[in-house]
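Chains: A, B, C, D, E and F, in written order; residue numbering restarts at 1 for each.
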Amino acid sequence: MAQPPAHKFVNEIGPGEVVNGVYVVREPILRSTTRGDLYIAMFLCDRTGQLNGRMWQASEVVYKSLPKPGFVHVQGRSELYQNNLQIVVNNIAAIDPSKVNVEDYLARTTKDCGQMLKEVKETVGTIRHPQLAALCKAFLEDKALMQNFCSAPGGMKMHHDCIGGLLEHTHNMLNVAQAVLPLYPQVQADLVLAGIFLHDMGKTEELAYDMAFSYTDSGQLIGHISKSLLMIHRKADALRAQGVQINPDILDSIGHIILAHHGAYEFGSPKLPATAEAFMVYYIDDLDAKMNQVTAAIEGELSESNWTAWQNTLQTRLYRKRLE
Amino acid sequence: MAQPPAHKFVNEIGPGEVVNGVYVVREPILRSTTRGDLYIAMFLCDRTGQLNGRMWQASEVVYKSLPKPGFVHVQGRSELYQNNLQIVVNNIAAIDPSKVNVEDYLARTTKDCGQMLKEVKETVGTIRHPQLAALCKAFLEDKALMQNFCSAPGGMKMHHDCIGGLLEHTHNMLNVAQAVLPLYPQVQADLVLAGIFLHDMGKTEELAYDMAFSYTDSGQLIGHISKSLLMIHRKADALRAQGVQINPDILDSIGHIILAHHGAYEFGSPKLPATAEAFMVYYIDDLDAKMNQVTAAIEGELSESNWTAWQNTLQTRLYRKRLE
Amino acid sequence: MAQPPAHKFVNEIGPGEVVNGVYVVREPILRSTTRGDLYIAMFLCDRTGQLNGRMWQASEVVYKSLPKPGFVHVQGRSELYQNNLQIVVNNIAAIDPSKVNVEDYLARTTKDCGQMLKEVKETVGTIRHPQLAALCKAFLEDKALMQNFCSAPGGMKMHHDCIGGLLEHTHNMLNVAQAVLPLYPQVQADLVLAGIFLHDMGKTEELAYDMAFSYTDSGQLIGHISKSLLMIHRKADALRAQGVQINPDILDSIGHIILAHHGAYEFGSPKLPATAEAFMVYYIDDLDAKMNQVTAAIEGELSESNWTAWQNTLQTRLYRKRLE
Amino acid sequence: MAQPPAHKFVNEIGPGEVVNGVYVVREPILRSTTRGDLYIAMFLCDRTGQLNGRMWQASEVVYKSLPKPGFVHVQGRSELYQNNLQIVVNNIAAIDPSKVNVEDYLARTTKDCGQMLKEVKETVGTIRHPQLAALCKAFLEDKALMQNFCSAPGGMKMHHDCIGGLLEHTHNMLNVAQAVLPLYPQVQADLVLAGIFLHDMGKTEELAYDMAFSYTDSGQLIGHISKSLLMIHRKADALRAQGVQINPDILDSIGHIILAHHGAYEFGSPKLPATAEAFMVYYIDDLDAKMNQVTAAIEGELSESNWTAWQNTLQTRLYRKRLE
Amino acid sequence: MAQPPAHKFVNEIGPGEVVNGVYVVREPILRSTTRGDLYIAMFLCDRTGQLNGRMWQASEVVYKSLPKPGFVHVQGRSELYQNNLQIVVNNIAAIDPSKVNVEDYLARTTKDCGQMLKEVKETVGTIRHPQLAALCKAFLEDKALMQNFCSAPGGMKMHHDCIGGLLEHTHNMLNVAQAVLPLYPQVQADLVLAGIFLHDMGKTEELAYDMAFSYTDSGQLIGHISKSLLMIHRKADALRAQGVQINPDILDSIGHIILAHHGAYEFGSPKLPATAEAFMVYYIDDLDAKMNQVTAAIEGELSESNWTAWQNTLQTRLYRKRLE
Amino acid sequence: MAQPPAHKFVNEIGPGEVVNGVYVVREPILRSTTRGDLYIAMFLCDRTGQLNGRMWQASEVVYKSLPKPGFVHVQGRSELYQNNLQIVVNNIAAIDPSKVNVEDYLARTTKDCGQMLKEVKETVGTIRHPQLAALCKAFLEDKALMQNFCSAPGGMKMHHDCIGGLLEHTHNMLNVAQAVLPLYPQVQADLVLAGIFLHDMGKTEELAYDMAFSYTDSGQLIGHISKSLLMIHRKADALRAQGVQINPDILDSIGHIILAHHGAYEFGSPKLPATAEAFMVYYIDDLDAKMNQVTAAIEGELSESNWTAWQNTLQTRLYRKRLE
């Protein structure tokens, strides 16, 4: 097969077109028809969405050659079924990831990650409580972790679902906190800032985001809330081994913020907010997530209607018309 | 009866004490025992709480002389029933409100109302959209209304339940909005600021707060949300009569913010937030209300426990211990 | 293009048929494929339903010529995708509404609207309370409003979703009230009758029903409950300007009925019923709506089964077999 | 002990009074203090309510002599604890029920039971469907059952909680149905009338109402809904033994109405309404129950307030002021 | 038409294949296109699932010849619409059930029904309480009923949805009870064993399972819970006619277990568990149903993923990987 | 003060008695009346319950001398307020814990803890999977932890609320699992047994149980579910330091069981069961907890009624009568 041409995005493919490009293949399954013919069902994805793919004259050799998941060069054509397109695959072959432009396959924040991380460090650097500062510093100095922290998405679907989304969300929450904290002097700012910095750290382990966003097995079994809690204890253990003590009640206060930051049992928090700081982190998290979700839906709406499509998680359509 | 002595607050009365002071009497009822004796059941209140009162040897003359509600000079003694005290009343007589220190009977914000109103005017003055600015100006220039706006409580029980509480809550929400809006440039700041200024304006009509906080009949039948909506339409009608047009879609956008600001049907919003601005006002309202409720509960706890009493609306006790 | 033939209804179109007729086009969108070809996605509707339409070889000129929404003459053919049909459009052109039979596009009540309005007037005419009678009379004498009142549907989907449905629903509720009120003498009949007459008046503004049923922007932002409340206040203001006083407590009593008539927060009532009259209006509204919904589903079922299809809002299938 | 004087009702007893009269004793318990002194805790009731009773110097002989429950002559005095009174009992002795005026102890409908039963028979007599008519007739001719039907309360607390309440409720529902059915001609009137007549028949077995209202063991384990279903099957079996066939689908249609008449799973209906007739019986039942509950609460309110006390099952206070 | 070939299962049919075999036809509907052409829509099923069928050139004669439901010989071809296949039918004809292998059309438990019934009898035979033993014996000796008991499915979709499923579920629950009862000596074993044996007996009447699983009309109107209750009363009546008395409180205790065994109102239980025995039967029923549902989903998953597809009733995907 | 006499239990104290004994004092608060008199409010507890205590003539010296909480010798008398007693304290003094019989103050399981722990060890010893066995062994060999495991209660109020309750609950669950596992051969027995053994281990840290049951600060902030998860990771870290590897997926499988064992978000599980083993542990936990709660309520009922008092968490009264 020849080199793939410039990438045609999934959401640009119309019905009845020739398809010849690189996509991420996910969850390929080899099936056989009653006549004994083998075919492969699969998803073909890039950062703009995914389509069903079907390779009708398949073989076990082809199936075994496929990465699960991974980049593949696909040749075939598109067929329209209802509103969804399907790709009938004629040829499919694994391709070296080094030859693809990963950003075509994973959405990426439009903001500058280096700059955002720098500002996160500055904000976290204002924490004066020695143990909280030490704990946060241990995270900031963990280079492998910070690399993941800068790459992980903020979520699977709801908000900040892009490479760098976790950083963007955390960065923006810290900015909101810095703006709002002076208005609530009874609230312990150090706890709020550390709580925000660490509250979603477990998403680096809950989500996989090398070729397409998905949950890891571990992430689906344990969840990012519990993973974040485990991470601060692991870091505190490591600090203790270096002679830096993090008191249990410090870990409990920051752990409580992490456990309670979804604000309600039904959203997976095993504890309801019980400190002023936990309430503040919960509200800032929810505010930033919803503002991102709402503005993304308004900006991403393709029709010219004054209203977006129905937003199931918000139980409403959104009104897009601005004041004149 | 002699002049009342310095006020002894309801929450300072111990069991078995002599009571001799001015209180607000509420909901007095004349009842008769089977022997034909008349007695009066009533509530006796000041800003720190209320107690049951019982006058056992009562007459219809005394009952008719009582304000319903109003200030009365009470002589009697306290009896303890379980955790609640009850006051057995020997003498009771209406007293001229001009002779009492109203602030003993209604809690008042500790902040400077004149200064807060001045800052509210400045913030609202930054609104550039001409029609929104005109609408808000019409409220700010309504002196009788603004007097109520500066006196009304923010709520009956949950948060900002003091004279000036509505102003304090609105003022703080405007400050939060000004701090946060630059971080969300897609959100129309003028709508958010006008929405916050007007969102609870109906509380001036929903609540009575001359001698003790209560709902007006009208407030209980209609609610402050619908009352606020009616008020902006009434003001727009008045402006129109003066030749200032407020377009229907402006009224709908601000009206939607008002209707949706409780965020959920179960909290009495007949519409769910469907604009970025309605979401932001809802979140800022909830944040400020909860921070006030949480910090008030933490600061108001009398025991030395690390935890407050159970907070029913939050479904948790609150942890009060601060970082060391 | 030639004149359109007799109308072929949307629910009569089979797969693989030639389509040549007038439909209402809604929400057309111009999109481009990756090859630069333009196509238009749209809905094509009449009173029996709507189908997806696709015009593959489209141009911006065609797109701009389309009403949004409006009547169009469509030529093309039908294709079946799963259970839904789609219309592939070859030609599409706006058509003068005066040339179409509007009733093909909007379902209409089978009852006599003139007769129903006459009976509504008679029933409302029995109200003896002078202020309630004056308020209702102001509505009945508003000719433009009454025209809308006779045309508006009772709802979008659930019940009485036809031209004249609002009138039919109100008319029937008044009949039920007249039958039932003598059995509950404690209930104030005047309030119940006025409350029923006015409870859904805001639907004339909430819904658009000129070519197809839809929500207006204003209706979706504010809702018919709040709109009905605004309308009675507007009418009371107008009466006051004419020297006819409607007391605030009258407006609150009727306003409360309007706000509470959905009976529960989750159905969009910002107030729960708190008067005997509000309870009665809520029950009569719910009874009439559900009886209409149930009998329509039973009569409209196409299969020969003893059971209708699953009714999602009722969480059951309905049993159609009658006693023998 | 001397003969008891004229009855002093529970809700007329004030604090510190002498008590000397007949009451119903319920759930007496013999307990011993650490000093070995025995005392009896009990409830003392009549139709107006119940009070805690305590007999401090009690003996096992006295305890064993008490009916459980039953009528007792009580001598003692009342003490006030908070808002509730308690009766300190000096003497207590069982008394022959024939000597008491039962109506002092059980509230009784104010309507004429004979007249109501006559009208119920007339209405049920209009049923033309032979099998439904035969089934209803079998109930009407069961004299022992009809006697219970005329005595049983409509419920424990919520509505029609008086002797004759079941009859009053059934009678009123039949009147509502007769008034409303002509407006819904698709609905099978015979099924609705038979369904109403039989829907709560199981309450005759669910509730005990000889001296005070309570649940029977069987009623609490099985419930009146399932008991009503069992009763129609039992009657159909008896008819079959007499050669009168009631078809299974008739029993299923009427049985479904019985099972579904609470309208929702959460209120104990094991089936949701799935026929037009089941919906109508459910709505008429709910309407009549709520109108009874609301008007009883409004009329029973003792204070002069415009509002009743909080009604927990309605989640509101009720507004009592009538139009002027 | 020739004899049908060996059966090709619904879940083995690929797109674009020739279809020539026997299937169960369900809910056929005759419809007409606007050109007057008649077509038949139907479902075609076997034990592995169902597909939409369409016969485009149909006639009323063909339609009338179809069993509703019943076995038919179908000739046509498959077309893929999205993930679902549809069968375009060229010829269809009823076929004598005696000529088909019923087990191809209804899934059947893999366990030995004779052996299971034998063990059920042995376990039930350990009941020592004479009346409970007599009641169970009356069921075991009802041969027609026991035949149904051995054939009925355990449910429509959720668990044990196969011929023999009710027996398998009851058998396994009895085994669990025998294993667990010794650990809870306060629980009355006889009641638990009889309750388990009888709790779902009404499913023999609620479900139809001769050609495909469906609800009977009676089953859908009344439900298996109420039907089970009716059955024990009917059997007790029959025993009484034979001189064997089953006391009412025995019937109430066993009836309560039946009514409460879904454990919550929302799952159709009209009574919540109120005895230790009712709690135990509820838990064992739920445990056995969920373990069957979970293991069936894990074993039935076709993909190679570590996770099954989303399980809607469990609100999760299931993890399939076993320990290594 | 003289030595205290034999203990008089809280639930044996009648009204108007002399009190002279040792109790646990909890949450004492020093308050002052308006006359400047100091008094102390406190709870006085033993294993049978707690009472309010009031010392009216108190001093700061006395207040400071009190343990918070701890054992005190109390002299005073009891007063009855409604159904609750209150103790008026004349003298109060801390007492050396070594002089009290701790079992008077904390309820203790009636089973043999040594024997139960031995059987737990045997059952856990049947685990064959090497890593699971190693993980469990690390817990069993942690003597300090096992001492707590044998002392901790199973809960605060709902079930197994006694010293040794956690062990009794775990022991019984293991027995149920061993009885039931052979009936579900697809379920991985090793995971279930290890999951049961470890699922509530965090209760040793969540609850304090030296003088009276209460939550620790850390327990209330973090909860036993998250604490159990942290404990297995801590033990795995320690094993790794000794060269024994526990694979991450083992920790995830056992961690998932711990996180999901409450079965629903609303009961504090941050993850829903997603493995067959997690479902089984959840059901066995719920079964054992409810059987304990139900039988304890039935056996603990003091009245002679066939029914217990209302059980709020079960939303029913419980029927106590056994088969005759």
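Note that contacts are C-beta pairs under 8 Å (C-beta built on N, C-alpha and C of every residue); 3 or more make two chains touch, one makes a residue touch a chain.
Computed from a predicted structure; not experimentally measured.
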| item | value |
| --- | --- |
| Any chain in contact with subunit C as well as subunit E | A, D |
| Copies subunit A and subunit E touch via same or different residues, half shared test | different |
| Inter-chain centre distance, subunit D versus subunit E - centres from mean C-alpha coordinates, in Å | 40 |
| Distance between chain centroids, defined by C-alpha means - subunit C, subunit F (Å) | 59 |
| Chain centre separation in whole Å, for subunit F relative to subunit D (CA means) | 42 |
| Junction residues of subunit E - those touching two or more other chains | 81-82, 217, 220-221, 249, 253, 256, 274-275, 317, 319, 321 |
| In contact (per the touch rule at the top): chain pairs | A-B, A-C, A-E, A-F, B-C, B-D, B-F, C-D, C-E, D-E, D-F, E-F |
| Residues of subunit B that touch subunit D when the two form their complex | 27, 29, 31, 33-35, 37, 39, 52, 68, 81-82, 84, 86, 217, 220-221 |
| Interface residues, subunit D side, partner subunit C - complex | 129, 132, 172, 175-176, 179-180, 183-184, 186-188, 190-191, 249-250, 253, 256, 272-276, 279-280, 283-284, 286-287, 290-291, 294-295, 298-299, 314-319, 321-323 |
| Interface residues, subunit C side, partner subunit B - complex | 217-218, 220-223, 225-226, 229-230, 233-234, 237, 248-249, 252-253, 255-256, 259, 265-271, 274 |
| Subunit D residues touching subunit B - in the complex, by the definition given at the top | 8, 12-14, 17, 80-83, 302-307, 317, 319, 321 |
